[in-house]
Amino acid sequence: MPRLSWRERFTAFRATLLLFAIAVIISLPAMTGSGRDLNYWENFMRFAGKFFPPDLSVTPTVLVALGETIQIAVMATFFAAIIALPLAVAGSQNIAPRWMNLVTRMILNVIRTLPSLIWALLAVAVVGPNPLAGVIGLTFYSIGYLGKFYSDAFESIDAEVSDGLRASGANAVQSFQYGMLPQVKPLILSHVLWMLEYNIRSAAIIGYVGAGGIGLLLHTYQEFGHWDRFSTVLLFILILVTTLDLFGEWLRGKILRDD
Amino acid sequence: MPRLSWRERFTAFRATLLLFAIAVIISLPAMTGSGRDLNYWENFMRFAGKFFPPDLSVTPTVLVALGETIQIAVMATFFAAIIALPLAVAGSQNIAPRWMNLVTRMILNVIRTLPSLIWALLAVAVVGPNPLAGVIGLTFYSIGYLGKFYSDAFESIDAEVSDGLRASGANAVQSFQYGMLPQVKPLILSHVLWMLEYNIRSAAIIGYVGAGGIGLLLHTYQEFGHWDRFSTVLLFILILVTTLDLFGEWLRGKILRDD
Amino acid sequence: EPGAAENAGRPSAASQKLVVALKPDKNPDQMMEERQSLSKYLSEKLGREVEVVIPVSAAVINEGFSNGTVDIGYLSANDLINSKDAELLLVGEINGQTTYKSYWLALKDSPYDSVEDLKGKPIAFASKTSTSGFVIPLWDLKRRNLLGDGNDPEAFFGKGNVFYGTGYLSAVERVLNGQAEAAAVSYYVLDEDKHLSEEQRGRLKKIQEQGDVPTHIIAIRSSIPAAERAALKQALLELNDGANTGLRDRVVTSKLVEAEQEAHLRPLKDALSVLPK
Amino acid sequence: MIEAAIKNAVEVDGLEIVRGGRSMFTEMSWELPDGKFLAVTGPSGIGKSSLLACLGGRLRQHHGTFRLSTADPRQVGVIFQNLRLSRNLSVLINVLCGQLGSQPWWRTLFSFPAAERQRAFEIMCELGIGELANKPVRKISGGEQQRTAIARVLYQSPSIIFADEPTSNLDAGLSAKMLGILRNQCDTEGKTAVCVLHDAELVEEFADVELRLDSRVEHGWSLRKIR
Amino acid sequence: MIEAAIKNAVEVDGLEIVRGGRSMFTEMSWELPDGKFLAVTGPSGIGKSSLLACLGGRLRQHHGTFRLSTADPRQVGVIFQNLRLSRNLSVLINVLCGQLGSQPWWRTLFSFPAAERQRAFEIMCELGIGELANKPVRKISGGEQQRTAIARVLYQSPSIIFADEPTSNLDAGLSAKMLGILRNQCDTEGKTAVCVLHDAELVEEFADVELRLDSRVEHGWSLRKIR
């Protein structure tokens, strides 16, 4: 029976696993605990107890803030979802030329490196503190994520079909549109929905720019120790997150089976 | 030539686009600007100018903090990458039974809904303020993301091969391992690398729990307007982010073409 | 009782590492640099290992008090009010007092002399969670009967005229670049040279001060036994001795003095009652 | 009906399959005893693959019933028209996947037992794909992929084999060899094969019965005994 | 050599292809004039698809050269052994993709011109897949998919066609019909076809020349003129 040589066994994937294992071993000091004898369960229950029961009396405030947040998140996700597409195409090694990959990926890396706070401050510096600044800040931030996710998705699938189209003379855009996009459509949709969820969930940016939203509410309730109100906000976020998640699941099923 | 009926044209995908368009229109008020006549370019330059030149004198502090952050991020990503896998399998409608999907997705939704601060507090409440708390907090947080990304990826690919294996008697784990995992391996790797990057980049949790790291540095420099030091931290983060990105690209190429 | 130290069968308190948690205050930059010196100082004084941690959120310190993993914490009066398992040990003293003032700042050449003049003008609070940059100024407005029933500052300053920043700096910057007429901040933004340049401070004036704002507090976990508490208090008070004041001033508010918890927190407790939901 | 009376591998009774609103055939009834080889023929798009999918339980019939002699999925092997191999796994692993159902999942988590690997390898050698063992499926030729799918089913060693055009990408010599192996298993081991074939010569040579799907005849199907 | 002298569609000179360290054939030299039909035959795994991949520019040869009469990719059509259709797009769109190269990208961004759709549909009807126009490719039968790939190439209307086992999933009648259409395009429109075939009868019936790959003969290949 043919045996794999040592070199054949040592694939890039396995080398990566090994590398990761080494990183984990080096990082073991991070596992240092308090060294004290703690009653974990009791501690957990004491903490969790603060959040119950949720103080539903703040519901109107929360709903207004959620409304503001959703509006800004929807706009930003919309712009980012569109702008990220050509960027991702330019950043995928199986679609665009190498130099273009590198330039685009560098841009996306810079965008992701800047924290959301900086995007917010930048937007405020340019257009002043208002919802528009929130939209601009979140849009950039989201482009950094979606651009990467899209192009990772493009690079992770078999490019056979689009290569076939190129062979018959189709240009890059066409072979992408007809050979690749149909394959990754469900993935792209998942990513956009996740981005919307992320933007709603953690729209701290919106608080930074002074446009209110739930980010600010959460911060305030936390600073003043109103954990029961805090949990009311979380409750509404959970409902939203779950709705988006179920919707995404339904949509993926539909696309793969029926459309 | 056969024509598509109205109902056939109105696929789930197009309905979603329509829905999204409506959401965008409803959200238009978020585009309210300051209404003043601003010199955008000048504003932008004034803001960006603050960051240059980076104050490299803080390099030693930054590197120490980065080291702490990386250690914690590596451990958390490692645990999350492993724990999220069975959860994602249980949460995918094309692998596990429906009730299990719903339960698992609900758990993942709750995990994602809780802000990183809450995970940090929870971890501190249980084990005290130390690096271990950082690892625990980040691990949960990351499970919420990776669990969703993995299972979205599983749901987005054709389940033909694994269905074929099930038909010949393989159980759920086996048909997943041999029929599905080989297809999504590049995607999973991308997601894990992104998670590591995310954890390093925005390890606010690590700052919350008092384990130091760059989260604390960024917070401090911002609070006191040391933007030139802030940009030094960003510079090092950018180097890390780019390294991980290039590594991921190389690995995806290797897996798809050679392994 | 969550306190770990007093339970039989657990390691005795003195053999345990002492955990000191500092919430980043006026200068976390220095705080971080002094982390090692502080732990060295305390461990020499106490003859036991000391670890200094700097959690960004006071909620973390309070959780540590509750489960017995934090022994000493440096936090604001507001944070101590939220804490159920810690008590005041010492407080900081500024200019001979254990309180300080909150200021309304405006440009030097502006026509305002008191908050009443700011009616209907765009203003900036430091942030919605700031004590001296929001809670105390709001309380002051309430006492002057300038707020309506909802305690909403927009009732006085006008709709859309109230801005909340991300800290003192962001609020003052709005005044400096003309987007707001005045900002509510802590006294030290104007009186000390931590946040602003000499030139920037030269362009500003105080139009009114309000307070008192309780200074930051060194709190101790309630479950720590009296004897150990006394030793810790002594060690911290010795930071006031000549050779140690440098370290003290870089880490905490300056001089550490004893105070009575209820009395120290009362002004803030009263002020918090005006917060809108 | 008494259980013991069943000695047929497959029994079809009044079957009708509808695909996309179109009925493929109606009132299909036939029986296939153990050890027989049934060839399914007919023009493209007539419903051959659909019939196999239905018998394999992956497609619900519209009318009628059918019954297999075994309810154990491990005893039913399928060669799909589009093969359904794991393109990124090696040929050997793909073949070994045929027996996944007979091994508990923890035995197959990291690798397969050496004895199993050996047995799979021998089958592969018989089909002429032995030296491809460690190549990923995406890097072998079309005919080699088809033989991998055949090897997987032979390694699974089920009592009923459904094969959908198993030799479409093979030359005449190899086609005959593959069908000969299947035929031999029917004769000597009592296995049963239902095999979609296009080539009339191969049908004559290897099949016991031909089931012809044809939209022009009544009910859309006809049965012909060959030997 | 003077440009004008070339009237061959394909010229191969001293070609050698190596795959996975194994040489498939060496010193292969032949010429195929415009309007001719070349059948490539040989056992599975011998290198037929590799030869086509090389001539189509997707695989680098190890030695030797080849030359096509056109350098324009739109004038070279390929039917891949594994088809390479977009499984989630409709049959009609897949066929229309054959002409992507002749349209600027903004014309194909939202849909294709009505006249083009009509022309593609007519070709599909000729191949018997007209009523599948709006079905996604993943929902049609294997033989229907194969005809979709053929329709795509016919719609592209290139001057050289490389077809890799274009009829493997089709019954005898349809196979003859498909090859007849190809043959007819060679005869009447001067197109050239290089087609991998397994069925000896079809080779005799349709091909002008047979290129047989066989590891037992010297250099691994032989050429035979049929008509």
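Letters A, B, C, D and E mark the chains in the order given here, with residues in each chain numbered from 1 onward.
In this section, contacts are C-beta pairs under 8 Å (C-beta built on N, C-alpha and C of every residue); 3 or more make two chains touch, one makes a residue touch a chain.
Model, not experiment: these values are computed from the prediction.
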| item | value |
| --- | --- |
| Shared interface partners, meaning chains that touch chain A and chain B | C, D, E |
| Maximum centroid distance from chain E, chain identifier (CA atoms) | C |
| Interface with the most contact pairs, given as the two chains involved | A-B |
| Farthest chain (mean CA position) relative to chain D | C |
| Between chain D and chain B, distance of the C-alpha-averaged centres to the nearest whole Å | 44 |
| Centre distance in Å when chain D and chain E are each reduced to the mean of their C-alpha atoms | 30 |
| Chain C-chain D separation of Cα centroids, rounded to whole Å | 77 |
| Residues of chain E whose C-beta touches two or more other chains | 82, 87 |
| Junction residues of chain C - those touching two or more other chains | 19, 57, 59, 63, 66-69, 166 |
| Shared-contact residues (touching 2 or more other chains) in chain A | 34, 36, 38, 43, 46-47, 117, 128-129, 158, 185, 222, 255, 259 |
| Full enumeration of touching chain pairs | A-B, A-C, A-D, A-E, B-C, B-D, B-E, D-E |
| Interface residues, chain B side, partner chain A - complex | 11-13, 16, 20, 23-24, 26-34, 36, 38, 40, 43-44, 46-48, 68, 70-72, 74-75, 78, 93, 101, 105-106, 108-110, 112-115, 117-118, 121-122, 125-132, 134-135, 148-149, 152-153, 155-156, 158, 184-187, 189-191, 194, 197, 201-202, 218, 222, 234, 237-238, 241-242, 245-246, 248-256, 258-259 |
| Interfacial residue positions of chain E with respect to chain B in the complex | 87, 117-118, 121, 130-131, 133-134, 138 |
| Of all residues in chain B, those that touch chain D in their complex | 160-161, 163-171, 173-175, 177-179, 182-183, 185, 255, 259 |
| Footprint of chain E on chain B - complex, ascending | 1-2, 4, 8, 158 |
| Chain C residues within the chain B interface of the complex | 19, 21, 24, 27-29, 32-33, 53-57, 59-61, 63-64, 66-70, 166-167, 169, 194-195 |
